[in-house]
């Protein structure tokens, strides 16, 4: 209830601050008997890791995963799985200059307003470092989903004004991880990398869009009314730092279509029911229909700019300051595994829930 | 957990099918002592009611509200409030022709796939009629919020390609309810009404966008990490029938901005901390910052078109059919009070939760 | 969260006050496809109904069940099931004399202290009349459990000092419903009936104990740590009006046993693992082990005595008053179906949850 | 939902197995600004610690507390507090002899039946070692409650047949911690210690009862209907390993009383409303009334006896074995702080919830 847990049956709780002892996550409800390979988790964390390329923050967290509980002889036991990431490259001193000021478009002021205090070291709990814990948990959710043939792939679709004008079906998603910006189109990837490098050089930041595709999801996942599958995907995505928008299927552009164009015609293909188009984005009435699920997630430019700026301190005095430390010029390359992890957590939860629906 | 409840502390559970005995909602957790005026609830329901104008469905539900529990001598008692709307103009026969077919882009197939059965009368539980229960509950949430000076106003921003090119600040929102399409710009409203009328005549439907503004929200609402205020607003909106997307503050267009442009500068205005711009949409780090909260909600064209179309029946045979009954050519005019209701439910929940955060 | 819901996956929410429009319950999460017979529900309600015999309250509620939603063509649809009981024999005037006083050992004072107001008509929400809604929901839970061969039987074990000195295994539980006090031992039943009749004549009330046995529960139900099966049974029972205690298996008397006596020896019986004794009460480590589950529930004497008594009004003045209306001299005969209903709700919930535990 | 969390607003999740890396707990929802003294937590853990006296298990866990998150500059920040206890004296080899057998009245068989696997080292997750995490969290709950003047004190009331025949009001509870059995009556304490020593010598175990008193609880805590304050206390207590029963106020003995005797007469004492007797145990209608809350908790004899015994292995073969390792001859001395911790967690949760009830 107090906001640090996600999911109902496959339920995670994350904890830890950017510059505290450690970050961690507890997964409660993961079925027993699932084989867990530490390297799988580590691989996902490495995709999110700072310092992985020239276009991301140069902080040096290794983010080595530690298993505290819930796994015995290589398999989940059905009891809570806790994973820990100790904080290493903390450099608390980097943050002393912001101790008393409210950085624009960060959570400094709102945390102070809410709690009457604030852990100013690197944003404390509001730091995007918390998402490492989600990625670790998502790695386990992915293992669970793989058992039912569900696969999740995200990629960078847009950086600033540079936008892919192709649908996921016209792209070769196996190319996504082959470049540092995680855009499956090699030419566009190069443009994006150049652009982000320029932005970085200018001490500025830029936004972007991540697209995500879920294949192999059976019909029947999602709950009617409030817990529609896409409603929980929306919440999952908007809960990621810097996220500003979500759309699935035809999304905002579907607004301009007529019903006669937008409706997806059903056909029977062997024993499977399919639709000839998929404006529905694989979800109808909040429930998956067996077609690919796809959605877009918008991210704003990172708030920490290295350029100088004006703001106020906690007494309300105007102060002149500038960003220090090592920050991402654009969040989307490292957010790709986070989007996948959150999608995996939603689907793992609903694939467990769906077992309880029929006699 | 099973999907028919929303909220944690101000928690609603809706029930009822389109053509069953009644629709209803139970609110658990509404504070005791709140004055409740039956007419306030009825007024909100009338804004959502079918048959209210020439551009909406001509079904004739009166949607008269009945109070079953939780209100005594005109005030809430702190015990669960149940409100009922009996179904009157049901006309179950209108639906016999769809008993065995899966209408395209409806929930017919997914419900059947999920539950192994389906109440085919008017979509049963998947009918947008369920939102009447939300509007009734939202009316009570609004009364609670009004006590803290929080006000919620939604309006139609776009119908098909007809889009307001003004921000909410450049509009006179008091004009919203003065026309049947609920667009605060009288000229644009007229264009929209004409357009919807034509769409209706053609037996087709069209999508739209609703914008919503929340004024008077104090700083500090929303929970860090998963239950960010905008994440729950997103879920709330995406849980509304036909919704395809959500964006808040700068939204999808913020993607193209640089951090140096997008950051909202803090200033002190008397005793209040404000920002000079508001790309953050009133929420930073998932927590309200005291500025106006604003967001957009995309709706697809209604799936029921009166034109003929092809689909399959439950055995997979192709069938030729066409929409019958009385349906909305465009969902947004009647969805305005639904968007407001869902926003009110989110804020009511968080305004209770925020009482528990500090010593 | 706010206290009017019970269960997680098979989740009920009750609403309504003793003298309001109606009492009701919504069940969310009941699997689709379950055949529901209105008469089964009514039969359970009739076991709880006032006026059923000379030793219970003579109020005349018929408690006829109305189905509002969730059942279509005789089967559950997977959507929320709402059941309503309209209040008929309300006689609000019976309660005007207690409008301003706090009756001893009732909830009058605590409701007023909690909510700052109080529906004084028959105790409002605190009335045991609320349990009718639980019995209705429990009837549906019983249908679900019967599909897996789980059966629940409760009976009166003690009234005042009159106590059965037999375990459930030495009793013929098929006799329970054959007498009005619901004690399966006919001789003891007669003594109890006489005793309660005397208590009633004296305008007084008396407590009692109900025992409950669950047969056919498979091994594996219940969650480790907090949600132990017996912990939720305890909560379920203590949530019934007038309940003061719970013990399962060896219970309070097991305290005096040595481990060497108390341990239940495992044996293999064909393909089944059993224990030769059952001090564990069918639950080990919070999880059912396949043996019979049994427990006792203590009920205090009903607080409403017809004799005169002294108390205070809301200004704190001493007042002399006496019980009016028609009240139970002993709660246990009518509480037997309530105990069964609450047990059924716990087991239905865990039998759904247990589907999610393994791969 | 999956059973390793407790509480709603002051919500804990525990994790870890007896012989894994560490045990831990995350508290989500603790208000910001609470001063936390590591020594207070350690003191509570020391009361539960093995090896503290001759009548408890001689295992040598130091149970030193580590703070991972949520506390900054000595105060809670409002973000999740995670506490870790690393396992030191694990001696996994002690348990190899039980790898394939089901110990009687342990959770070996039920865990295997539920999960299809089992961490046999010291009972894994089913070990009472898990309660250390609860005691750590309870220590923080106590700090929160102390701010409102709420105090919780438990003590040993019975060991085997040795029973205090005094109410808590006739005892000097400040004596409880002055002896190793934690019975506030020095003479009875001595008898209990002698008795437990004999039981230990005989390689056997014995049960006991703990009483608990809560003073300073304001009127108004607890929710009507399902979440009655005593119902959640019951669940909390029954969730403790080896617990078999719970009664509050008059409890099981109240069954034999008449209503005219049992009713607690209200009187006004200055500005406070009190009752002249307290059979209600400080709770009426599920809500605290401002009087002392008191209850009893029954514990069975520990299942691990050092004597030889017969049981079966996982193939169902009879095997002869005996308890090894270092076990408690009687659980109650070390369970006193656990009972207090669980009571504190319930009250902390409800004291936060109660802030949301009125306007």
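Think of it as A, B, C and D in the order they're written, each chain with its own count starting at 1.
In the analysis below, a contact is a pair of C-beta atoms (placed from the backbone, for glycine too) under 8 Å apart; a residue touches a chain by one contact, two chains touch by 3 or more.
Keep in mind that what you see is a predicted model, and the values were worked out from it rather than measured.
J.: Please work out which of A-D and C-D is bridged by more C-beta pairs in contact, and write that pair.
T.: When C-D is set beside A-D, the one with more contacts is C-D.
J.: What is the chain whose Cα centroid lies farthest from the Cα centroid of subunit D?
T.: B
J.: As a quick test, compute the distance in whole Å between the mean CA positions of subunit C and subunit D.
T.: Subunit C and subunit D have C-alpha centres separated by 26 Å.
J.: Express in whole angstrom the distance between the two chain centres, defined as the mean CA positions of subunit B and subunit D.
T.: Those two chain centres are 46 Å apart.
J.: Between subunit A and subunit D, what is the gap in Å from one C-alpha centre to the other?
T.: 39
J.: Check each residue of subunit C and list the ones that touch at least two other chains.
T.: As it turns out, subunit C has residues touching two or more other chains at 1-5, 8-9, 14, 29, 32-33, 78-79, 114-116, 125, 224, 353, 356-358.
J.: Drawing the touching chains as a network, do you get a line, a ring, a star, a complete graph or other?
T.: complete
J.: Where on subunit C is subunit B touching in the complex?
T.: Counting only subunit C, the residues touching subunit B are 1-5, 8-9, 11, 13-17, 20-24, 26, 28-29, 32-33, 66-70, 72, 75, 77-82, 84, 114-119, 124-125.
J.: For subunit B, which residues are in contact with subunit D within the complex?
T.: Contact set of subunit B toward subunit D: 1, 8-9, 29, 31-34, 78-79, 147, 224, 352-353, 355-359.
J.: Can you check the complex and tell me which residues of subunit B touch subunit A?
T.: 1-6, 8-9, 14, 102, 104-107, 109-111, 113-116, 125-126, 130, 158, 160-161, 199, 204-209, 219-220, 222-228, 230-239, 241, 244-252, 254-268, 273, 275, 279-281, 283-290, 298-305, 307, 309-312, 316, 318, 353-354, 356-358
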